[in-house]
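Single-structure report; data block below.
Every chain is named by a letter (A, B, C, D and E) in the order it is written, and numbering of its residues begins at 1.
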Amino acid sequence: MSGEQVASEPFEPVVIGFTCNWCSYRAADLAGTARIKYAPNVRLIRLMCSGRLDPTFILDALARGADGVLISGCHPGECHYVDQNLNTLRRFRMLERILPALGIEPQRVQLVWASAAEGTQLAHEIDRMVEEVRGLGPLDWPARMAAAGGRTGPGVSPVGWPAGSRGEPEPGAIKGATEPPGVHA
Amino acid sequence: MSHYLYYPGCSMESSAAAYRESLETVLGPLGIRLEEIDDWNCCGATEYVGISLLPAYALIARNLALAARQADGTRTLVAACSACYLNLAKADHYLQESRTLAANVNSALGAGGLAYRAGSVTVRHLLEVIITDVGLDAVRAAVSRPLSGLRVAPYLGCMVPRPDPDHRWTDHERPRELDLLLAALGAEVVDYPLKTECCGGHMTQISPAIGFELIRRLIAEATRLGADLMVTVCPMCQMNVDAFQGETNRHFGTHYRMPILFYTQLMGLAFGREAREVGIGRELVDARPALARIGLPVPSTAAEETPETKAARIEAAHRRRQALPMPPMPGDAREEGPR
Amino acid sequence: MSAGNGRPAGAAAAGVANEAGRPRIGVYVCHCGTNIAGTVDVAEVRRWAEERLADRGVVVARDYKFMCSSLGQELIEKDVAELGLDRVVVAACSPHMHEATFRGACARAGLNPYLCELVSIREQDSWVHTDGVAATAKARAILSGGVERVRHHEPLEPLRVHINPATLVVGGGIAGIQTALEIADAGFPVYLVEREPSIGGHMAQFDKTFPTLDCSACILTPRMYSAGSHPNVRLLTWSEVINVEGFVGSFKVTVLRKARYIDTDLCTGCGICQEKCPRKILDVVYEAGLGYRKGVYTPFPQAVPKYPVIDRANCTFFDNGKCKACEKFCPTGAIDFEQQDEIVTLEVGNIVLATGYELFDPRRIAQYGYGRLANVFTSLEFERLSNAAGPTQGRVVLRDGVTEPRTVGIIHCVGSRDRNFNNYCSAICCMQSLKFAHLVKEHTGATVYEFYIDMRTAAKAYDEFYQRVLEEGTIFVRGKVAEVTEVARTPEEEGKLVLQVEDTLIGRQRRIPVDMVILSCGLEPRHDTKKVAQLFGISCSADGWLIEKHPKLDPVATMEEGVFIAGCVSGPKDIPTSVAQGAAAAARVLGHIQQGELALEPIKAAVDPDVCSGCRICNGLCPFNAITFREDRMVSEVNPALCQGCGTCVAACPAGAMSGTCFSDEQILAQVEGLLLANLQGTAGREAVSA
Amino acid sequence: MIVQEVVPGRGRTGNARFLEEVSAATAGVSRLEMCIQCGCCGGSCPSAAEMDHTPRRLFALIRAGMRDEVLASNTPWMCVSCYHCVVRCPQGVHVVDVMYTLKSMAAHQRAYRDATAPDFSRTFVRNVEAYGRSFELGLTALHYLKHFRLRLPGMAPMGIGMMTRGRLGLRPRRIEGSDQLAAILRRAKGLEDGS
Amino acid sequence: MSGEARPTFAMYGAGSCGGCDIAVLNVHEKILEIGAAFEVVLWPVVMDAKYRDLEARPDSSIDLTLFSGGIRTDENADLARLLRRKTKLLVAFGSCAGEGCIPGLANLTPPAEILDTVYETVSTENPDHLRPGTQPNPGGPGQLAGFAAVLRTLDQVVDVDYFVPGCPPESPRIAEVLDLALAALRGGEDLPPRGAVLGAGESTVCDECARTRNVKQIAGFRRIQEIDHLDPTLCLLEQGIPCNGAATASGCGALCPTAGAQCVGCYGPVAGAIDGGARLMSAFASVAQARTAEEMDRILDGLVDPIGQFYRFGLAKSLLRASRSAWAAAGGEWGRR
């Protein structure tokens, strides 16, 4: 669906949420069990720990059409893996430093702590964020890329270096091309 | 010099003139500068909102809007009157809580060319500013005439410690701020159990019998505890207990004479000001006999022990030994705590 | 030919290794009765998957009333066998609910269970949204995410860990004692750690227990004695757990044993030291602040173990180097001022937490006057007052220590069912208050008022006890007491405590003067519960209690495998329930021990040594010390036995040398793609919401 | 009291939506629907003795949809805004704000039985609307003249005392922006009536 | 491949600085082998050539094309498509063609702003207000090439067979790549999978760096010129210098860190990386010694140009490729270019 068609309908943002297995995903489960209602615009992904979150995932979600990304983990000091969620905080703070240069509003990427008991709070934060993103309008990155004439779709690597020899090595592939001589004995 | 925006409120100009006068004498020694909001209007007391809600909030919000516009260097708005403090604080709180209310109030303000974003100013009460920002040490340092020997009953009334939307007070029922302040002035502070009970509010106007009963409870308990006078933070409380005391006595056939002053009046006296300068004499129940204690040598109460008192003392000690211990209370160990 | 890049791009089936080069995925959408189907158009989701996800490898899509039923599971098994499915996606409830169920179904059909993905369209969709159209659209997106993700699943084997047969029980109250005895009786070793000098817990403080009115000490003491003398139980009293490492099967627990300053080999528990100790200290633990103990003490006569401790903070010798009265009089020379705190390391396979509760501190409710008004008592104070071994030898008297009350008011729900304090019902207060009414009557014959909001007597023989107390003439007033005041308004109120309350059954405000007020205080989590939770890697609810794995179906397990809970640590409970939970936790532990080993999820990180540059960015990240640096080869390595699978190192590796099973970059990115419907050609992610 | 059977949505007084109406008209979040009828408000109230219903019972009447009986009640008018009930309420019901709502509903429909309190509020409001500040002398004098004529002689010494001590202005003070204030209040009233 | 004839070779620079051409010429004696082994059909830096000659060649008649430079103008794009058609093995040569490089950083800025700066600011004398897309000689032939909304990498415009990273690629690596190509073209060797990165290692610069390394911790970032005494043997990152080596493909022999300067990342991320900048951010953040947001912010304040730090070479190939304001131009006037 193209950007123009969307404009005629009320804008419904899509927010991808990264949650940890122990606190925030469980908070979402709890919100479910307690039938606490929140905006249907958020789609959650479960990681074992919010510390698994690579900034790549966030940028990827935005590049693939998400209007916002919610990051959620255990409260600092309550991480199931001692303090790995501090890494989430650090990476999030780091990412925040580059988003303005790319023209992405800070409300589109938010970090919200939620303990396993905080279903209501998480639902509330989701609602708040969805409304904030709705207020910002569509991000629409794929449509913008398409408009610039870039090739996307099957067979084309839209981003990143090809895997090269790191994929499944093909029979007879020349190793010398990818392995600097004299480094590995 | 700490700088604050200031909302005086209507009663400061008339019935609580003594509050205004005395307040002016204590600001300098405490290093507080108050900047009055230009052309403020009445906060609506507890009356306007009982007639119509939105105009009542618009009325309060005009003051908030004026304050926000005047905010320069400080965004703290200090109120001295209890009802004004509560109305301003509560309005700001509800404007933050309810988007609809905020939208409607702003639409109304728009008719007068004003706007107010909830949370733009922070509303605080003068007493809390003195305790928190100035500090009791600074108060003690300013005291040149300690109120030694003066037994005072601290009386806050309702609207300062309750509902306390911003959680600024030590307790809703028995806050310690006023006790601490009076103790810092050197006064003997009575543990007054009715310190946040109702003075009757507007009941003296609309159902006098209830109003007088509520006043009677207050002055009866203060009298029973041997207080020389009551000290309040609230113009309405002062007015009810002071101006309606005669009528209350008449109503019940009693003869209470319990003066009630503003805390700032006692601060002014303790800071060395003369009675007239802090509005002493404006009260209907004369405080001067009680105030005669200040500066005068306090007569020793340690009378010689008679056989009767000795027996009583031994009996009391015996009783203490049998008694079960009491749980410790927070602040027990603090020297400035209420006695 | 390789996939062309490191991520799944469009139709390229990276990571999917199957003979035909294309996965065969079965999709199963659950109705869950009306739980899902009531909001989500399940048939439409199924149809959509069948059509739109066909070129993503979906070969069959079905919807069924209850996928978790045996018939639902058979559907999967049959399709795997007949259609040759090599991947399965179930859209139903949370993976925390039924992941194991559907993995089991796959395994029975001969499919590696880790090739199954369960996505939640119940907890995260139908239950939390009301708009059916939006919820259906979201279900499509969630399913699509699952399908993309499952394409990158690999067959895995669960990790098997050995279970150490020793168990640690933390907390020596009735729940902990019960757990310890059950396990010990089954023949396995138990360490029972207790912070106080004796086990027994709150139950040791009570005089009588409701509703039977048995003597608390009489039923508790034999259990305490058994625990103390059982050959399989090692008591560590006056001790605290300070560190926990490892995981189910092989926890390493560090315990601080505070110095007792008593040589327990020599001590006979004769009590002479306590008698001779000149130091008298207010006992705020066992006597609830109503009585005193000595500087060297056992908290109560039946203490287990019988050995006293010297309270270093309240010992004249430790204060100024003089005294040593205890040492002088000890007939066996058991006093040892040279003793030091000791650190003990225990190796256990399972842990049971039974650390109990604390009483709500009513000083927080200023209007009830506790701490200011002498004759306002807490429930625990009253327990001590009515206890024959208590500070008044069982005389129910006012704070003056002499006067018997003639009227007593008992206030229910103090600090409970009140959003200013604790929202929850403390469960035991109604019954405890009824017990108090009975005891007051029995001891003093006083008039008793009970002030309640609702009477909750829902357990065996509880309501019968209510009937009995009614019969005894206790006066019940329905209303939450507004305040307790000493300020009299009438001559009858002079010198009394006045309870001001609305008697809601007559709709009037009443002022009831009494001599004594008993506050039936609620139960609260111990102040350090959060710390305990962190120590053992589990979490607290908003109220501060420890969270069960499932509130109904798994009440004694926690999210942490091998860590169980029993008694009031997970919320207020009466004695029978605490005991039942203690036994239940023991049964779960014994289950583990009997199996000998346990299967764990194979979620682990690993390093590709060819790619690792030895930059050492990951080295400091692992809290479990699973990453080591091999100086000889200049690469980092992950020890799979220590790795807990959080994936932080995977996300941090700048060279991409670190990868993680079950949560690989490919799996996560594929799920993002699927959730945004970017896997469908010619569609943008927005379709799902606005459709 | 008379027990009246209430069928929601039917009959003279039964109106199941009354609670929602009261709640919606209250500033902030009333939490009125959360009342568990514990009576802590009624127990705390300093003027409960003078009320025809305790606040708790008034809330039960609201829940029962007995609009007429609720709006005729003197309970809201006896409220002294001491906020004891608010801070003590275990359910966090904004009792005082609900009382304000009930007052304004009753005032609007003139549903009250005793006009003393409403009149006092109205006089106060008129003063404020006219001057922007409250005018204590005018307020008290007018009010006593109307409702407590007999008490006036007794009050005279107090009034004179207040005046001689400079505590009672003889003229009202008017703010400079009284036109602005009037415009704001006019718009606010318009919005309230419109909604 | 036709009998005894030498393989044909082309090298072309689109939006490039010419550095890649110099690097090829800088392979020392190897250049003689190239000259001997290949028949050069197009290499504008070395010899004159006409587009029409190129157009006239049969399709797939060039065996190997090294294409350097990003795609910013119509002309760049046209030539990319043309060379793709004419070439058997098209190699994105150097950082510009492969990942956008420094010119790609212009993707943060809307094109109108770029042109205003280039053509209209005070340092430019441009009386006729010429701009890309306009005709320099009114009435005369030809017009200036149009300027695209964003810079694209070669593979974002046409299919690319191989990538050779580096700004510029290091000479020994170039020699290896040419040897490989030659061997393959002569039928002696199998080629690596299409799309592979040639001339770079599978690990990162740290692998080739001799500096000692400890468990990483960063308490703060500093610019290299702000440090009086730099430990010559210790890892630069551990000294607070934001060295990109940990996430940059090996192949250069850790030239910069060895010389005492931080790696700026010109070899791009290792094969398989999706967004090199994101990887660097994640790695740097993970070892920052901060336990609160405030502490983290204090550390980050030491990174003066975060987007330049992490995306200096790879922005045009990153997940988002360009800023929103640059993309915005793509939808309108610039989109048609």
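To be clear about the criterion, contacts are C-beta pairs under 8 Å (C-beta built on N, C-alpha and C of every residue); 3 or more make two chains touch, one makes a residue touch a chain.
Remember, predicted model here, so these are calculated numbers, not experimental data.
Undergrad: Applying the touch definition from the top, give me the chains sitting in contact with each of chain C and chain E.
TA: A
Undergrad: If you tally the C-beta contacts for C-D and for A-C, which one comes out higher?
TA: Taking the two pairs in turn, the one with more contacts turns out to be A-C.
Undergrad: Let me have the rounded angstrom distance from the C-alpha centre of chain A over to the C-alpha centre of chain B, please.
TA: One centre to the other, that is 54 Å.
Undergrad: Starting from the mean Cα coordinates of chain A and chain C, work out the distance between those two points in Å.
TA: Inter-chain centre distance comes to 32 Å.
Undergrad: Let me have the rounded angstrom distance from the C-alpha centre of chain D over to the C-alpha centre of chain E, please.
TA: So the centre of chain D lies 75 Å away from the centre of chain E.
Undergrad: Indicate the whole-number Å distance between the mean C-alpha point of chain B and the mean C-alpha point of chain C.
TA: Whole-Å distance between the two chain centres: 46.
Undergrad: Give me the residue numbers in chain C that touch at least two other chains, ranges are fine.
TA: 1-2, 4-7, 367, 483, 610-611, 621, 648, 651-652, 665, 669
Undergrad: Considering chain D alone, which of its residues make contact with at least two other chains?
TA: Counting only residues that touch two or more other chains, chain D contributes 49, 84, 87-88.
Undergrad: Two-or-more-chain contact residues of chain A, please, as numbers and ranges.
TA: Correct list: 54, 56, 60, 83, 87, 91, 155-164, 166-167, 170.
Undergrad: Return all touching chain pairs.
TA: Result of the pairwise touch check is A-C, A-E, B-C, B-D, C-D, C-E.
Undergrad: With touch defined as at the start, can you tell me which chain C residues reach chain A in the complex?
TA: Residue list for chain C touching chain A: 1-7, 9-12, 14, 94-96, 120, 122-125, 127-131, 134-135, 137-138, 141-142, 145, 530, 533-534, 537, 539-543, 547, 559-560, 603, 610-611, 621, 623-624, 644-648, 650-652, 660, 662-663, 665, 668-669, 671-673, 675-678, 681, 683-690.
Undergrad: So in the complex, which bits of chain D are touching chain C?
TA: These residues of chain D touch chain C: 1, 36-45, 48-49, 53-54, 56-57, 84, 87-88, 90-92.
Undergrad: Residues of chain B touching chain D in their complex?
TA: 10-11, 13-18, 39-42, 44-55, 57-59, 62, 93-94, 97-98, 101, 104-105, 107-114, 158-159, 162-164, 172-173, 197-198, 200-203, 205-210, 214, 243-244, 246-247, 250, 281-284
Undergrad: How about chain C: which of its residues touch chain D in the complex?
TA: 367, 413, 417-420, 453, 478-483, 500-504, 507-509
Undergrad: Spell out the residues on chain E that touch chain C in their complex, using ranges where they run on.
TA: Within the complex, chain E contacts chain C at residues 193-196, 202-207, 213-217, 235, 237, 245-247, 250, 269-274, 279-280, 282-283, 286-287.
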